[in-house]
Structures are given as structure tokens and as C-alpha cells.
Amino acid sequence: MSGEVSPADLHCGAHGASAGVGPRRAVPPGEDLVKGFWRENPVLVQLLGLCPTLAVTNSVANSAVMGIATFFVLVGSSLLVSASRRFIPNEVRITSYILIIATFVSIAEMALQALVPDIHKALGAFVALIVVNCIILGRQEAFAGRNPVGRSVLDAVGMGSGFMIAMLIMGSVREVLGSGTFLGVSLFGPGFEPWVIMVLPPGGFFTLAFVLLTVAWFKRRKALKAREAERHDVAVVERAA
Amino acid sequence: MTGAEGQSGGAAVPAAPPAPDEVKTSRLLGTLGVGGAVAGVLLVIAFGLTLPTIEANKARELEVAVKEVLKAPARYETLYVVGGALARKVPDGTDPKKIERVFLGYGTDNQRVGFAMVSAEAGFQDLVKVIFGYDPKTKQLLGMKVLESKETPGLGDKIEKDQAFVSQFAGAQAPLVGIKTGKRSNPREVVMITGATISSKAVIRIINSALKRLGPLVDAYPQEDKG
Amino acid sequence: MSNPSLLITASPHLAAGDSTPKIMWTVVASLAPIVAVATYFFGPSAPLVMAAATAGAVVTERAFDRRGTLHDGSAVITGILLGLTLPAGLPLWMAFTGGAFGIGIGKLVFGGLGQNVFNPALLGRAFLQAAFPVAMTTWPVPAAGGWWSLRGDIFALPFASPRALETVTGATPLGRMKFDLQATPLLDLVLGTTSGSLGETSGLLILLCGGYLALRNYLNWRIPASIFAAVAIVATGLHALDPARYPGAAFMLFSGGLMLGAMYMATDLVTSPVTNPGCWIFGAAIGLLVVVIRIWGGLAEGVMYSILIVNAFVPLLNRWTQPRLFGSAGRTVRS
Amino acid sequence: MGDLAWIFLSSMVVNNFTLMLFLGLCPFLGVSGRIDTAIRMGVADTFVLIMTAVAVWFLNAFVLPSAPYLRLIAFIIVIASLVQVVEMVIKKLSPALFRALGIYLPLITTNCAVLALAIFQTNREYGLLEGVVFAIGSGAGLTLALLVMASIREGIELADVPEVAKGTALVLLIAGSLSLAFMGFAGLLSAS
Amino acid sequence: MRLGGVSERRRRFPPRGTESPVWNHLKFRHGVHPPELKDLTARIAIRRVPYPDEVVLHLRQHAGKPARPVVKAGDRVERGDVLGEPDGYVSTPVHASAAGTVEQICLWPHPDGSYAPAVRIAVDRYSPQAPRPRLVPDWMRLEPPELVEAIRQAGVVGLGGAAFPTHVKLAPPKDQVVDTVLINGCECEPYLTTDHRTMVEYPERVHLGLRIMMRCLGVTRAMIGIELNKPDAIAAIRRTLPSDLDVTVLGLEVKYPQGAEKMLIKALLDREVPSGKLPLHVGVVVQNVASAATIAEVFETGLPLVERIVTVTGRGVKRPSNLIVPVGMKLRDLIDACGGFTADAREIVFGGPMMGFAQAHLDTPLVKGTSGVVVLAAAETKPTVSYPCIRCGHCLDSCPVFLNPQLLGQLALKERWEEMETNHLADCMLCGCCGYTCPSNIPLPQLFALAKVALRRRPAPV
């Protein structure tokens, strides 16, 4: 598939997402799992799947349910895609992936509707929109479609958890500030003045921006420190020599 | 190259060298067919498993709402708006879910309590969907509940949560009039929420227009049940 | 002959004599009468609220701006203008937060003075309006209570809800018009003895103070002129259609924050177009949106949102209204 | 008529897909760097949205009542094929337009705004005309947001943005500010 | 007469390009109104300075290629002798401005800030400074090409500041039809009174020079544009107006840069010189008043351009004056001739304060294009600190060629030269209006000059 770009890459890769590492070097199985948590976090680092991250994170419960649903779809479709990767001709690859994903999403949607009708109502169309969440299609393209089942599932679990982490960060910040509650439990008592904006659309943009700013700030500090340390090492070596 | 990616159906691949392509096309179609069949089976199973619960959830939700706005009737029945009148049954061959419904509640003494109606119109942010109970004899409202709204949290959503606002509707006289502040001087007035006038007005408007539309039908519905 | 130590600068060697700090501080000075009148109407709450907003703006500018541009006075303007758009009884911590947000998100993330897209004061106010909708729409009545009485629980602790004090509050003239179809006497509007935010009530004074700045060419007179014209024309037209439902031009012009918005917010040099045709369109669009939001929208007041929305279009306006290059048929379009 | 106007304004500004509902954020962040690309993306998007509205109405009216569980799969496949068909038609009819829109069309397949339109249209039980007006309004809203964002971003290239805020964070902050400003449209045409 | 003149002109010479409404006549749009500051010298009669001990004549006295030196160290030269031959068509000779001995040909501070080859002449203190005797041709008998060649050999250049060789302008290509000669008497730069005094004291010379130029070009119509703040100059020119010529004298709005060729043409004829084109393109040749007077002098005395009238002024000089100065006189000597610096002198500008160059060396000599020396006192100089652009738009309102200096400035700060070019940087004439109005004191003209240099240096596309 060299030289080809999938819609997922084009569509989300426009802002420099590194779509997976590929199977070239041998990686310990733990690495497949852990990288998605933070270092290659699909939302905070790769900036994928921003629509749900912004749209449904106005409460922790919504974020968690959305996270679980996405997790389920991601792991399920990675499993299926990886297992059937030898049978799927290249030409209908994307179509088959979408078919598989859409099936899992439909199942997830029905399950949510049956189990947690209130939250399903609050999530609205965004459960169905998991189909077009670029994290999922992206992982199938970049990983599950070319790796064995075990690694693919680990990767999916890692990425799904990474998505969930991001969702929970967003959901916590927005619910705590916006309603003064966590999972519906009042934290500060009735005297607290909620920042209504946090549960409104602008609050979503601002919260994610602040999370990204924080991430960028940490990265920058780390880079500065690393440079500092390097300079120090060089100085030591020079002195020794 | 992007064109190749968007290909959803393998059939769209143009035929170039005949022999291998024939095989390929059939294989593509086969894969998709098998995939589609598997997906279909999975979905049907899931659908079958969840449908009863989903329907039950919906029914319960509706029941709770109807009971709330009709002051906890002993039972209620569903009437359909068919051809400008209320009817117990829908004409054959039509989907009952697609027809506007009115719910008629009965008390323990099998006396009619009132009708519950559902209506939706634009509020401050998006559609507001309201259910309310109405007694055609006294022209009084029995209660009001907001079913769906996306009004501003902390301000507009008081139409759902502010008991002082919601409770006014029980016993209010139709048609309603919204007033800004102060005391209600007559049962037709509803004190609107400070700072959420548009949302409050939307609720009042929804009820008034629903009554204008459905009120005559309700009035025309036969007074006594035969049986 | 004594040789002077020679200065080498680039041409031109003369300057018109205005400088950015001078412009900014003149704007601050021109706001002084408006601040004074706000204090006269709303008692000690007014200067406290404005001071809190200004402190929020200035502290944020000082803390995060790398170039140390505090002395140019732009943060102070943002703070005072934000303060003038707040209700007298707003808790001080909210005012402070608004100032900090306005400067932080409205200005510093873009790189500081001159680079921002949205008017920082209005962005701060929009933030407050969205975050604390109830506190932001509780309007104390100017004349009620003794001068010394506080107009709300302005000393509420940070993050705490303000307690309800025994303050007389009332609807703004626009609110009364929109929701009750009640007009307010024009004289009250012009003088400012109505409910409303601190600095927007006295239309006449704002007109005078802004006019002074326009005379000094510190604001582009085309912007307020086109705003007033657009509002007046549309309002008059609608009023002629249905006088009971649509208020007339005078009411529209002197009610709410239109004067303050047109004179001080829309004319913010940074967030308004650089070209004169752009300014005409900018003002007309604001005026039109104000009327649309006031009459058909869900809000009684739309000046803040109108200006913010049109602010977002300023880069496009600048682009579309490039001057026609001397000696050419086309415009100096950036390609 | 009033309803149609409300649907149009609501989908364009009051409940703007991008700024209020967070739909189509990927192109909003990715393709909003240049004004001309933004406009092309918006036009392509609007075009596909209108086609989708028609197709979805057709599906809802004739196909899906018998198999509701296939709804999602049907939508996504219809959208994907529709984009493909649109691409081929444009290529044939207007090569110039194809060159201008070409690479944006496949992007739209996985643009959540299109699927969301299909779902909203279904949930709200819009008729054909309403659906098309909804699609035009949504498309106009997307184009507007893209255009404004692109013009702002082009201007910001000349600004001294602090290092940490560069990139997506700043775009999100601008989007948040825009979203804040668009709150002024709330309640448009719904006040009595 | 003026308005009548306008309508009559419009009938005879319909403007090319865009039509503009009547109220746009006799002025151009935009521009600025800096303080005039001409009172220091406006009523002071021109006087001749004594010869200094040394003059330094730059070989690059004009726009175009520098002259080739034809003397060597030790040569004795008389006043008016050729020091450098023109090198190419757009080039003029350089003549000795005083009799003496060539000391050296070396690099010397040039008024533009660089070091350039120059001829140093130790002035013969006892020489009468009489030119070497030569035949003065009777201009009336010369054919236009011969006239142009004579003007070229006399080293005449535009004396308004740009120092463009005059003979090039007077010999347009055959396919260009010139219908009008404009004499530029605006002198819109603050402080300067050179042209003003020339018109007051030597109006006949201006008319003679104009007559010669009209003969060169075969044109029958001319106009003299003078800013309305010089009523005595207008009166003097009108009083001496020859009756046999179709010359109109028009007073113009006092506004900077009224004296820029394109602005003058716009104001007088309501023609817009197309972007990237020369005045010739709209059938006009513009000459400065001082250039006209110099041409007259060349044919009256036979002396080439070896001296010019210079205004030495400003609050930093003790005795502001209008002087006849030999070209190549050093700044130091010039200031001495005006009583020296005052205590608060701070910055010396060659040319006017809007477009002139600040000088770092007191040894810098005058060149032919130096129309004034302005010594600014400390209080007059601009502050050196600049602020971020606040997008006030004043620069757009002032730019006489309708550029967007705000955008150009921002682009320049990010070194995006190519984009500046697409935004018509080439049309910028560095008049300085934007820099004058900028409240943030952003050195816009300097940035544009830098960008022009950067664009010129950029490697040619392969």
C-alpha cells in the first residue's frame, strides 16, 4: 500500500498525526499496550477523534459511557479486522473495515439504548458517529490490518484506554467546574457557583485547548530540560577531555 | 489514488484484463457479501436481544411522564389523531408510531381525569418537547413536564428543574399568559423565570398552540365511553 | 566647532506626534467621565467592580506577557471597558476572572497587543455571560437605595455564589421592551437613569467622550457612524411597519450598550478593519446584527455578540477592501 | 415557510455544526489554513450534504422502515458511494471543478458532519424539502466557520504567537471564542 | 482661470485610465500634512559661500551607472573640467567644482550611507575660480538632439533629490508621444526652500530652462505647479511668464508628497501614471524647478553643473541659509558657513526630513541631488522605541499610491519578501508618509527599503 493514502490519513493526518508505528521493528507486547495511554495518546497527542471529545464530555458519566462504547467498538473491530486480514482483498479494505465498524457501533448503540437510556439520549447522535471516529478507522488501517490478533487487540486496548483517559480528563474538568459535581455527586455544596460555560460548546473548545496547552507546556519544559542536560553532559565531557 | 480508496462497492472497478479480473471481482463481491451477511446476522441478533428492553424503556418513560402530568391516573389509554378526530385505533396498514397521539387518563372511579398531549417547538437553543395534562371540562391544565430540551444549563433548563415554575401549570387556566414578575392575579397567568424569558415563553407557547390544535379534537371526543 | 554626537535614524525623520501609549492613555482619560457617572449612579460598587476587572486584566498581562508592554495602557483600557459592561452587583471575583480571561485568551495567546482577533473586553464579558448567566443579568436600579449601599454581594468569596441581598433590581429598558413591550422614556435613556450595566446607561455622555476621541482621530468615526446609521435605518423601517412591536430609532440607539459598544468597543483599533471601506461595512454589519438579535433573537441585547461576530470577519473585510493601487485598475489584493 | 427559515438559520448559525455541535472538526482543524482551500472544502461539503439529505430521505421513506437495525450501515455505505458517484460525475462534467475539489471529496466520506446530518434528519423526521433546507443551512454553516477560521489563521501567521499556543491549541481557542460569539444567535426566530 | 483650464484640458487631453470626478482635480488623494517649518529660510536671499580648502566629488552623483574617472592624482583641474566620463546612456559626466589639484581617487563617505569612489581636490586658494574659457553655444540654433547632448555633457541631473539624468528624460523613445512638460515647483518636503528661493530670485532662468526643454521635446504646452504656501514664488513666476508660450502656472494644495512626479501629474493633469510605468507613458515629462534653472545656466554661462543651491536649515544650525554651494563641499564646511551647530544639534539629514538620509560623517560631501541639509535639534528627533502595530490604519490613509503599508510591514517583519512583492511593494516610492503617521513608530519605509534590496538580491529564477 505504499504511495497510497487512506481517507483516514488524509482526513485526520492533515494536522500531523503519526498513524501508528507499523510492524517494522520488534516491539515488546507491553509497548503495544502502553503507548496509547499517553505517549501516542490518540486525542491529546495525535489529535484524533476530537468531535466526541468535545461534544459529549459535559459530564463524567457521559464521557465514561462514550469512552466505553468507543473502547468496545475499537477492540471488537480490531479483533475482527486482524483475524480476517488475510481474507480481505486490498481493494475493498476500507469498505470492509467500515462495514465491521458500523456493525459494532450498531450493536453498541442498541446496547446503550437498552441499558442506559438516559445517557444514550444525552449522547444523541454521537454514539452512531463512532463509525466515523478517525481513531478507529485509523487503527484498522495503521495496525490491525497488518498485525496479528494478539498485538492488534493490545494496541486497541491501549488506544481505547488512551481515548478513555482523554475523555475522563475532559469530562472531569467540565463537570467539576461546570456543575460543581463529579458523577452527579455535589462536591462543594450549594454555595458553589457553577461555571455554566464549561458545559456549553465554547467550554468544550476552551477546555481541550487548555489541556493541549498544558501538554505542550510540559513537553516544552521537558525538551528544555533535556537540552539543558545535554549541554551539561557536553560540558562534562569537554572538561574531562 | 484517492479515488480507489473511496470505492465502496467493488463493482465500480473497471474491467481491464478479463480473466484475472473476473476472478477478482467475484472475490471482492464475495468478501463483501460474506461480510455483509455476517454483519446482518450479528445485527439481527443484537436487535432481537435489545428491542424488548428498548421498547419497555420507552414505554416506561412515556408512562411516567403521562402519569406525572395527569396527576397519577389509575390507568390511561392512547388515542390517535386520525382524520381530524381522535380514535382508539389506527387505520390498518399505518404505523402507529407515526401518528400523533393523545393520552386519556382515568381515575380510580373510572372517571376521566384529562388528556395528556405532547408537542414540540423551537426554544432558545433548539426544539423543546413538552408533555402536559389538560382537562377539557374545566379548561384547566393538570401538569406540565419538559421531555426534551437543550436550553442553557443553569438558566433555560429551569423550565425542567425549577419546581416553582413547573408547579404553576397544575391548575392553570388555558390559554396561558406569561407575566414577568410579581404575583399571579388570575389562574391564566404563569410567572416566567427571570433571565430565561424565552424558554419560559416557549413552554407557554407550545402549550397554547397545542391546545389550539388539539383542543377542539379533545372537546369533540365523545363524553362518555360506551363500555 | 563642537561636533554633536550624531543620531542615525531611518527616514522619515519627523513623526506625526501620536504614539501608541499616548493613544491608549488618552482613551483611558476619555473614559474617566463615564466612570464618574457610573459611580454617581451606582455608588461605591461601581468603582470596585471596575477596579476588579482592571486588576484581572493588568495582573494577567503582567504575568504572561513576555515583552512587558504593561505601560502602553492597553490592558487598562480592556479592564475598564469590561468593568463598564458589568452589572453593579457582580461579585468582584467574577469581574476579576472576566478581566483575566479577556486578556489571557483574547489577547496574550495571539501574541499580545495588536495581534488579537476579538475585542478582549467583550470576549471577557461574553465569557462571564456564558459562565455566570444569572449574576450577569441581575441589574440593580441606579437610584434605589442609599448611595453608599452595595448593589449586590460583590464581596462573595471566589467560586461562591453571590447571596441575594435586599437590592432593588429591575429589567433593562431593552428587556422591558422585548418581553413586555414597554417603552422607557427617551430622557431617562439619554441621561442614564435606567437599569443596566455600569457604563452603558448614559448614552449622551458616551457620545461626547467618544466624539472627543473621534476628533483626535484616535478612533475611526466611520465605525460608529455606520453603526448608528444602520441601526437607525433598520429600526425606523421596522417601526413604520408596526410601531407597537418594533421600537423606534431613538430608543434603539440610546438603549443598552449600543453607545458604549459603537464608540469604544467596535472602534478598538486592533480588532476593526484597517481600511476605510472595511470600516463602513464593519459598522453596518454590526448595526444590522444588533437589530436582528434584539428583535428576532432570543436575547434582549445583542451589541456584544454582534461586535464579536463581526470581529471574526475583520480579516476577510481587510482582504476584500484593499485599496485600489494608484495607477491600476485592480485592488492591492493579497494573493 | 417560517419553519423552513428557522431550520435554515438554526442549522447555519444557532446550532452551527462546527461551532456548536462539534461536527466536522477534522477538516475544520486540518483544512482551515488557507482561504481558498477552506471555501472549496465548504462547497464540496455542502454539495455532499445536499445529496445525502435527498438519499437519506429516500432511504427513510422506502427502505429502512422494514429493517431499522441496518440504519447506520445503510447510511455510511450510501454516503461513501454517494461521494464516489459525485466524484465521478464531477470528473466527467467539469474537470476544472474536479481539480479544485478533487482531493476534498474522499475526505468527506469520513466527515462526521455528513453522517450526523443523516441521523438528525432521521430523528427529526424531516421531509424532503426540510431535509434539503437543513443540508443547505448546515453546509452554509460549515463553510462560514471554515472561511472565518481560515481568514483568521492566515492573519495569525504574521502574529507572534507564543510557542506553547501554536497549532491546534490556538485554533481551538479561536473556535471557542467564535462559539462564544455565535451564542448571540441563540433563540433566533423562536421568540414569539 | 484654473477651473476653466481644467475643463479645457480635459477636452483636449482626455485622461487615460480611470476617470475621476471633478472634485478630485488639482489634487491627489491621501498623503500627509507635516509641519512646513520653512519660515527659517523662506525669506533669506541666496548667497554664495566661499570656497572650502577641499572638495570631494563622488563619481556616483546620479541615478544610474557611476561615471568613469578620467583624472589621476596630481592632475591640475580648472573649475568645470571633466573628472569622470559617463559610463553608459543612463549616466552623466562629473565636473570639477573648483580649481585645484587632484589629491586622490578613493572611497569616501557617500550621502546614502555607503563608501563610494570619489575624487578629492585640494582647492587652489588663490584661483579666481573662473571656468576654462569655452564656446557657449546659442541654444536657439541647436537641434533638439544637440541640445540634449549639450545638457548631458553639462552633467545635468534632476535636482529634486533623485538625481535622475535629465538628458534621458528629454529624449524619449520615438513611440512615446509627449504632450506636456510639467515644472515641479512644489518643494513639499518640510524645511527646504531651495526651489522656493530659485523661483523668487531667478524666475527668468526657470522660464528659459523650460523653453529649452520644450524645444528638446517638441512640446508646445507646459505647466508649472507650485504649492500655495509660496505665494511670492507664484507671483514671481507669473509676473515673468513669457507671453509666447502656452504655460500655465497653478497653485496646488499644500500636502506631502505633492512633489512626487506621479502625484503632481495626478493633481495637474488628472492622469494616473500606471503602476510600474513612467510619466512618459501618459505623455508627460516632469522637471524640477532647479533643474530648469540649471539648464538655463548651462546655456547662459557655458558652465556645467558644478554648483547648486542648497538650504542649510534646522534648529540645530546657528544661521539657517540658502546657499550657492560647489558640488562636493563637505558637510563640515557647509555647517561652518552657517555659523556652526547649536548646542542641541543631534541629527543631520541630507535632503528633506521625510525622505532624506541621516549622516554619520561630517566629511560627507554634497552631491548634485542634495537639495538641503537639515540639522535637527534633539527635541525634534523621533523617539527610537517602537511598539507593536495596533492596526489603526493611519498608514493606509496616508499612502499616496494606495498600498497597504500595514500588511506590508507585517510581512516585512516576518521576512516574507515574495508576498510583499505580490502586494505591490514595487509601487512604493519610499515617500515616508506611512512612517510619519505610524503611532507605533514602526520604521515602515526602512523595512520596505530593506525588502526591495532583499528582492533585488534574490537569485534569478532558473
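Going by the order they are written in, the chains are A, B, C, D and E; count residues from 1 in each one.
Note that in this section a contact is a pair of C-beta atoms (placed from the backbone, for glycine too) under 8 Å apart; a residue touches a chain by one contact, two chains touch by 3 or more.
Nothing here was measured: the structure is a model prediction, and the numbers come from that model.
**Student:** Which chains sit in contact with both members of the pair chain C and chain E?
**Tutor:** For chain C paired with chain E, the chains in contact with each are D, in label order.
**Student:** Identify the chains in contact with chain A as well as chain D, in label order.
**Tutor:** Both chain A and chain D are touched by B, C, going by the contact rule given at the top.
**Student:** Count the C-beta pairs in contact for every pair of chains, then give the pair with the highest total.
**Tutor:** The largest set of C-beta contacts joins the chains C-E.
**Student:** Return the chain label for which the distance between chain Cα mean and whole-protein Cα mean is smallest.
**Tutor:** Of the chains present, the most centrally placed is C.
**Student:** Could you work out how far the Cα centre of chain B sits from that of chain D, in whole Å?
**Tutor:** Chain centres of chain B and chain D, defined by C-alpha means, are spaced 27 Å apart.
**Student:** Where the centres are mean C-alpha positions, what is the separation of chain A from chain B, in Å?
**Tutor:** Measuring from centre to centre gives 34 Å for this pair.
**Student:** State, to the nearest whole Å, the distance from the C-alpha centre of chain B to the C-alpha centre of chain C.
**Tutor:** The answer is 43 Å.
**Student:** Quick check: how many Å separate the C-alpha centres of chain D and chain E?
**Tutor:** 60
**Student:** What are the residue numbers in chain A that touch two or more other chains?
**Tutor:** Answer for chain A, listing residues that touch two or more other chains: 7, 10, 95, 98-99, 102-103, 106, 110, 196-197, 200, 202-203, 206.
**Student:** By the touch rule stated above, which residues of chain E touch at least two different other chains?
**Tutor:** Within chain E, no residue touches at least two other chains.
**Student:** In chain D, which residues are in touch with two or more of the other chains?
**Tutor:** 69, 73, 77, 80, 103, 106, 109, 165, 169-170, 173, 176-177, 180, 183, 186-187, 189-191 - these are the residues of chain D that touch more than one other chain.
**Student:** Where do chains touch, given as pairs?
**Tutor:** A-B, A-C, A-D, B-C, B-D, C-D, C-E, D-E
**Student:** Can you tell me which positions in chain D touch chain A when the two form their complex?
**Tutor:** The contact residues of chain D facing chain A are 19-27, 29-31, 69, 71-73, 76-77, 80, 103, 106-107, 109-112, 115-116, 119-120, 123, 163-165, 167-170, 172-173, 175-177, 179-180, 183.
**Student:** In the complex, go through chain A and note every residue touching chain D.
**Tutor:** 7-8, 10-12, 14-15, 47, 50-52, 54-55, 95, 98-99, 102-103, 105-106, 109-110, 125, 128-129, 131-134, 137, 197, 200-206, 208-209, 212-213, 216-217, 220
**Student:** In the complex, go through chain C and note every residue touching chain A.
**Tutor:** Listed in rising order, the residues are 105, 127, 130-133, 135, 156, 159-162.
**Student:** What residues of chain B sit close enough to touch chain D in their complex?
**Tutor:** Residues 2-3, 5-9, 12, 39-40, 43-44, 46-47, 95, 121-127, 152, 198, 201-202, 205 of chain B touch chain D in their complex.
**Student:** Hey, which residues of chain E end up touching chain C in the complex?
**Tutor:** 17-18, 32, 34-35, 190, 262, 266, 272-275, 277, 316, 332, 335-336, 340-341, 343, 345-349, 353-360, 362, 374, 376, 380-384, 387-394, 396-397, 399-404, 406-407, 419, 422-424, 427, 430, 432-433, 435-441, 443, 445-446, 449
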